[in-house]
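Handing you this structure, nothing more for now.
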């Protein structure tokens, strides 16, 4: 029995819509005086973070606690890793403690997949970001945000993102957010365009279910949502682009560029934003920018995923790829 | 809310459309009588069919009292005590009327009262949402076999049943017609509530 | 036992013949040979090949005896039908002095399962800066003729040029691990469609091809010979083909795994498929098979790279690169080259024995199966087909990508100078 969420590519359209719909109900819990449900009482969830990510960890932690799960935070970075303790040893330690689910963030692509398929543990594995591979709950919360804004909170129930034009801009090469979003948005029927300098697009991208462009200005008027990816300044030193100034001039989103977008179009960012690099303060602080909403939606999405994977005697979400492996 | 198959060939109707309308009218009058005018009544239907029944009751109450009766829905899925016995279910909508529940008389509305476990879950759910003055329960059918110390305040029809029987409520909003069917349980035992 | 008669063996895949071994030498090859006084091995239609020669083996001793030793590695070699292996220099300490190569050579002599010819490092400590004492290693008891920094590329063009020139004095050859280091920083797998999807750092084909192109031109310029280790891309094939057509003295090897496996397997994130150079695409695999068949690629070399279980039982990025190969090489070659009709058994003998011995100057190995030659022989049951079971490996390590995979062919007997090292599939 598989009960993992490893890759956005593993989700069918119906799975994804079920998660989004469930998240809508979960979101309503946040409006109640008691923001807690007894659903996962007695279940133990470990947040196993081999990489620093306070935002993602507290989002999962809030979701787990709202569902009454027992939460253990295990930040492995700098401790067991430097002592030479392997992922396998850590996993088996957690297994011995009797955990029901492991939420894992790891710097190595494929680590969650390995954890889920290598027989080291029986617990459900939820990928909270692995290397430059996948970050499925981020893609789900992004899709949730888009559906709310572009289709409607109630009108969106049961709906996908068919025909919506989504532009993702920035460091696609190093981005698990981009990979997850391309997979999920395609599954949900959206038309995705990736925009980046050629150096920040992976070789082999031609097989991805999306368009690729090097020109941001021509893409903006045809976008219902524009997602800006974080671009680390250090990439400059590896010659991915000449200077910060040139990058932001060609690929940054400022007020003038935002004005080229259709009136209803939104600006998204997975955070943390590098203001002045990929996005100006003017855009980041505008009411078209959904960054804060995305954070709130993240908790609802993670509650939905935890409920659907752990809330019963078997997961309600099917996973084609991981199932085939068995 | 009985999930069992409705197409059982030997299922026979025990309440038909006019009967259902009549008992709802009666329940509405009972509510007005016991709540002394129903001024602070809030109706909360338990999805799926309890919600339709709550709306019908609200309409009847409004006719009687000529006042707006707040009506909402209360999904109890995440409060169930049998979550681990089956795959997670899709969630239904919880819709609390704008003025909230604090200090109100909440009447929970469901189609069939059986083990009482759904109502226990509903009471737990209510607890997380607000603090009503009192909570009452209205059901279309009480089929007996309680597993918890729970009873209904308003009952459309008491229907003594065997555990080998099924009770299926059909409502026009969901099923295209109003009826309550009593049938035999299929061979494969389905989960019961 | 001084006499052995192998009866009814298809020598190099030809008509069944008898082969008489006496005093470590092939005494006679013919039909109806007398078995008098000889132990008889009924070949019963199995294929008899000259003992296989591996130009690229990691025996790990000294330094990583937890993964392999000279003894366990040579036992694995004998199991796989090999009578000579060339031991790569990336040990701890590095085989960059006469002392270390003599130690490895002596351990090989003592093992008795297969001849061990040490390979010397090109540069001190494999660091690519300073030439190791190539001449001293050649003059040592080990008689080193092949030099390689394998595991690392001799990427400095001047050092490479000097090495190519210097070894001419004693007929040596530099075996290059072609990998442009800057282009492969953080590389985890072949760069392409699969790496883009999996988010693993790409190892582009051009990082191999650019070094090969440079080195064949250097070899031409200084009039030296160069050997290319584990060639893995279709583009590399084209460059070597071009170089050979120009008369450049270049030889090249391909590993069994690059003849069979592709980067699609990496989708499992199972580190048994992590190897350097990485598994490439179907197109590359087909080009490599074709090149091995037409002689553009001269030989098959295993790049037998043992690693302990814990170095593979982990996440992909943390895993060691490499696969064991000695005990499955012939089966993979039969699967990919013989059973596909690309190569006959005489061709296999050429690519896995004659030519590697010639490139490495391994005297006494890679000789024809005829009277008067040293009795280094391998008997193969080519009709066999079965699943690979690593539990049965003689190697100390189990990091094979073929576990459970059905492959043809099984080596039943190996003779090293007339002495049986493997009988009925069991080491002596």
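We call the chains A, B and C, going by the order they appear; numbering starts again at 1 in every chain.
One rule holds for everything that comes next: contacts are C-beta pairs under 8 Å (C-beta built on N, C-alpha and C of every residue); 3 or more make two chains touch, one makes a residue touch a chain.
This one's a predicted model, so the numbers in the text were calculated from it and none came from an experiment.
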item	value
Central chain (distance from its CA mean to the mean of all protein CA atoms)	A
A-B or A-C, whichever has more C-beta pairs in contact	A-C
Geometric centre distance via CA averages, chain C-chain B, whole Å	76
Distance from chain B to chain A - Cα centre to Cα centre, in angstrom	39
Chain A and chain C: spacing of chain centres that average the CA atoms, whole Å	45
Chain A: positions in contact with at least two other chains	none
Chain C residues within the chain A interface of the complex	188, 191-200, 202, 204, 268-270, 310, 313-318
Complex contact set, residues of chain A against chain C	86-88, 106-111, 113-114, 117-118, 130-134, 176, 179, 202-208, 325
For the chain A and chain B complex, residues of the former touching the latter	18, 21-22, 25-26, 28, 32-34, 36-39, 67, 307-308, 311-316
Chain B to chain A touching residues, read off their complex	75, 78-79, 83-94, 124, 127-130
